[in-house]
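Next, two complexes with chain A in common: one pairs it with chain B, the other with chain C.
Here is the complex of A and B:
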């Protein structure tokens, strides 16, 4: 029964990982920017929600604020950090270092302002009940799965049916051709950043309700999103989501066989193996060496 | 006060070695490793165990540390030969996270969180010597080696690989060997720095070899200027004196110094990348492509 309990817990974590990873993959696929500050969007959204929740604001307002701050942060990063760097032909490492710098600043500012260590938004949603003998589930489990499913459905519809979504996929495939068709790749990049960062917000809110946040959580989330994007195959949102889900499940199920400190290392062994032996990931196209 | 300054100078020399060797990988070969602290740690554990179990000979400790770190640099060289760019950064991040767990869990070799304590003072040929002298000597030798290498044909090959890998390959350069050698040199140097660190502190634990440390060393290289001889050294001195300088400012509570330091160098990294990507001492023309 412990195994089932771990599996269900893993599914919940995995659904949230899938959301953030999908946001990261959307940004990376469309704009080719390795948005290493994606975890900072997550941290900011989670902490803003916590602040509003603890001050007695209604939950929907907190969620809205979380989505707004994540989106705003992503758009600001594209507008004020990545765009200027790309204007003077900065390589990927320049982008990576700049993003890493921002995430360090956000992590430490949040730590100084909100204190270090775990904080949880206390809610009835996270109160677990026994559904099967020795298996406990909280309503937030169903909420997480439902939110992830609805958002993936909506994202899929947007990318295939809406003109802007189709344009985003075109940007991912050939950014020069986008300009030839008279579309602005800058505006589309902003859209990619807005959408991708917004996807991190619901995951951050749900994490704040269940396991809680600490100031370094963005780091972990970022590494998982990156691992999921690469394992899933760059350019494939489905791959990133699936890999995020499996990483969450694996991280939890591994507890059945090993001590908890190996959980994170297990994800990175998988990542390392994929990079060595199958760099194009599960669903990706072959990449140039 | 002299003891305080000597301690700071020793640490500056040790981190100078770390930054200078990482610069060989990042600045010359274009291998963007965020796992330098792993090899720093391997060297520190190797040097410490040697001093604890056999003889506290500093030269032997540095040699063994260089061999261990240089040998295991294969873990970093393999992905460097397979993939480039974002993928390699991801692979080195993965390596760093795995190594941190291993360092914490392999208690027999590393002492885990408790670390290795009571590492004896360094000796050379039976005489006790201050680590400052050893560290400065090692730093000078490594800078000299880097300078000679950068001027020679090997340095040109590395820069050619960094700027245009296919062109270098077309000219008949053995890219795999050059990359592996650059990584091995960088990691062996980090190992030497690790052995010196262990002998200097006479205590090591996993907290000195985490991702934060790798990022700190990377920040030193970048702030100073990638691909320059003196840039990484300047970066090491600047970033190390930052916490010391901050502790003299009365309005920052002592518990927040670490956070303020990280905010300052995080912001410095971002602003430098936007306005001066080549670093403080870097050449603007070459830095743009890095």
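Here is the complex of A and C:
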């Protein structure tokens, strides 16, 4: 029963990891921008939801506000940070340092504004009850899985059926060709940032309800997102989603065999394994040089 | 244009000279606290105590030279702390440095020891912080003193089967050692010990492992944002037994956490209402300045700063230089001081002794259970 409990807990965590990782992978895959401030989108969304929740606003309004702030932040980063850097032909490292700097600024501003302690949305959604002997499940388990499933389905449909989605996939493969077809790569980049950042918001809201937030939570989110993107195969959304889910499950299930201090290490053992034995990731393509 | 630039430059050069002429070079009080990251709440709390003590010292005119606070952000990480300590010692020429967190304290102690700079801890409770260096003092009772009070209390409440969740750092290791040694002697049993990394945020799986050990209580030995996450993770995932811990739980974010209801933790004894004049003024001024009642950590760092002022005042009166050696000699000569909470005494290693009380979180407030 312990294994089942750990597996279910891992699925819940993994669903949230999958959402944030997929958002990061979408941005990175389409724009090739290493958006380290993706964790800051997560932090802002979580804190805004908490602010609204603790001030008695309806949950749906809090979720909407969280999505809007995450999307707005992602779009603002593309428009006012990354694009000027790229205009001046700034390299990968310049972009990374800028994003890292912004994420530190956001972290400190959130700390100054919301306090530097642990904050959580007090909700019955996170209270587990015994559903089987020695197996506890909270309503948020079903919510997490359902939200992740619906969003991945919607994203999949958008990317395969909607012209803008198809164009986004094209941008990921060949940005020059996009321009040859008269499409604006700038607009598509903005769309990638908007969609990718919006995906972080539901995960942030559910994290605010389950494990709670602190202003430094974004770094953890980024670590997981990066690991999932590499394990899943750079550029593959389904790879990132599956890897995020797998990392969450690995982090939890490892407790069946080892001490809790190895939980996070398990994620990175998986990462190292892929880097060593399958560098292209789960769904990535090997590139001949 | 040239003239005004010269005038500006001249006044800029003259300003510090004037300040020196009025009060001499300031005594630099260094702080090595986490001001960002998941433990930043402590940095804020610690600094409030230092700031109020400096305000009081300056308004009382305790010292001939002014005081200057030089804060370095450690993020509660040893590496950052060593960099900060090196700067405080070599660049800022700090007379006195306040530290917190066991790992940080142990990391900076050799730097301060070499420079003969006094370091004072008011937040960390690792038992090996006593005697770390002749220049390393404590204004907080260390963990073995806290558990010495907590274990008999747990036995009286029939909380004999104890599961421990501890952070994988020197503090957590120290508490594991204490419970392994002292719990059987007190009549209890350590039924499980679960080490978690400092960065861990998911505690549902740990709760599942803990439930299997059928404990009477879960003792939490962590700090910062992680403490709240552990409490919530355990409570949300079917761990209903009483939770017990140490003084690190004395934070606003824990008091406000619904899942922390009934949490039992130790802290040093402080009675702000029935105290002496100094204690009453401290409690009133703290509330006026920061809008809340002071907590243990505020008090510890207030006392640490006030201790410097008392020692430096004594040295100034005796026309002696204020440095690590003279401060240490003055501490060992006097040993007892009037600090917030009453008369405080220090042992040969520079550790303050204090009575311990057991507290319980109820309705967002901390109530004393035993004193």
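Note that the second predicted complex is superposed on the first by the 282 of 289 C-alpha atoms of A that agree within 3 Å, B and C clash if a C-alpha of one lies under 4 Å from a C-alpha of the other, contacts with A are read in each partner's own complex, and residues count from 1 in each chain.
Definition applied: a contact is a pair of C-beta atoms (placed from the backbone, for glycine too) under 8 Å apart; a residue touches a chain by one contact, two chains touch by 3 or more.
Keep in mind that what you see is a predicted model, and the values were worked out from it rather than measured.
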Fit-or-clash call for chain B and chain C when the two complexes are aligned on chain A: clash
Partner chain(s) touched by A:6 [first = chain B, second = chain C, both, neither]: second
Partner chain in contact with A:113 - chain B first, chain C second, else both or neither: neither
First, second, both or neither for A:217, with chain B first and chain C second: second
First, second, both or neither for A:230, with chain B first and chain C second: first
Chain B versus chain C as contact partner of A:93, first or second or both or neither: first
Touched partner set for A:142, first chain B, second chain C, both or neither: neither
Chain B versus chain C as contact partner of A:261, first or second or both or neither: both
Colliding stretch - chain C into chain B, listed as 2-10, 56-64, 74-82 or 290-298: 74-82
Residues on chain A lying within both footprints (that of chain B and that of chain C): 104, 107-108, 111, 261, 264-265
Residues of chain C that touch chain A when the two form their complex: 36-38, 40-41, 43-44, 168, 194-197, 199-209, 211-212, 224-229, 232-233, 235-238, 251-254, 257-258
Parts of chain A lying in touch with chain B, wherever the complex brings them together: 28, 34, 81, 84-85, 88-105, 107-109, 111-112, 219, 223, 226-227, 230, 261-262, 264-265, 268-269, 271-272, 275-276, 279, 287, 289
Chain B residues touching chain A - in the complex, by the definition given at the top: 26, 32, 78-79, 82-91, 93-95, 97-98, 101-102, 104-105, 211, 215, 218, 222, 256, 259-260, 262-263, 265-271, 273-274, 277, 288-290
Parts of chain A lying in touch with chain C, wherever the complex brings them together: 2, 5-6, 9-10, 12-13, 104, 107-108, 111, 115-120, 122, 126-130, 134, 136, 138, 210-212, 214-217, 220, 251-252, 255, 259-261, 263-265
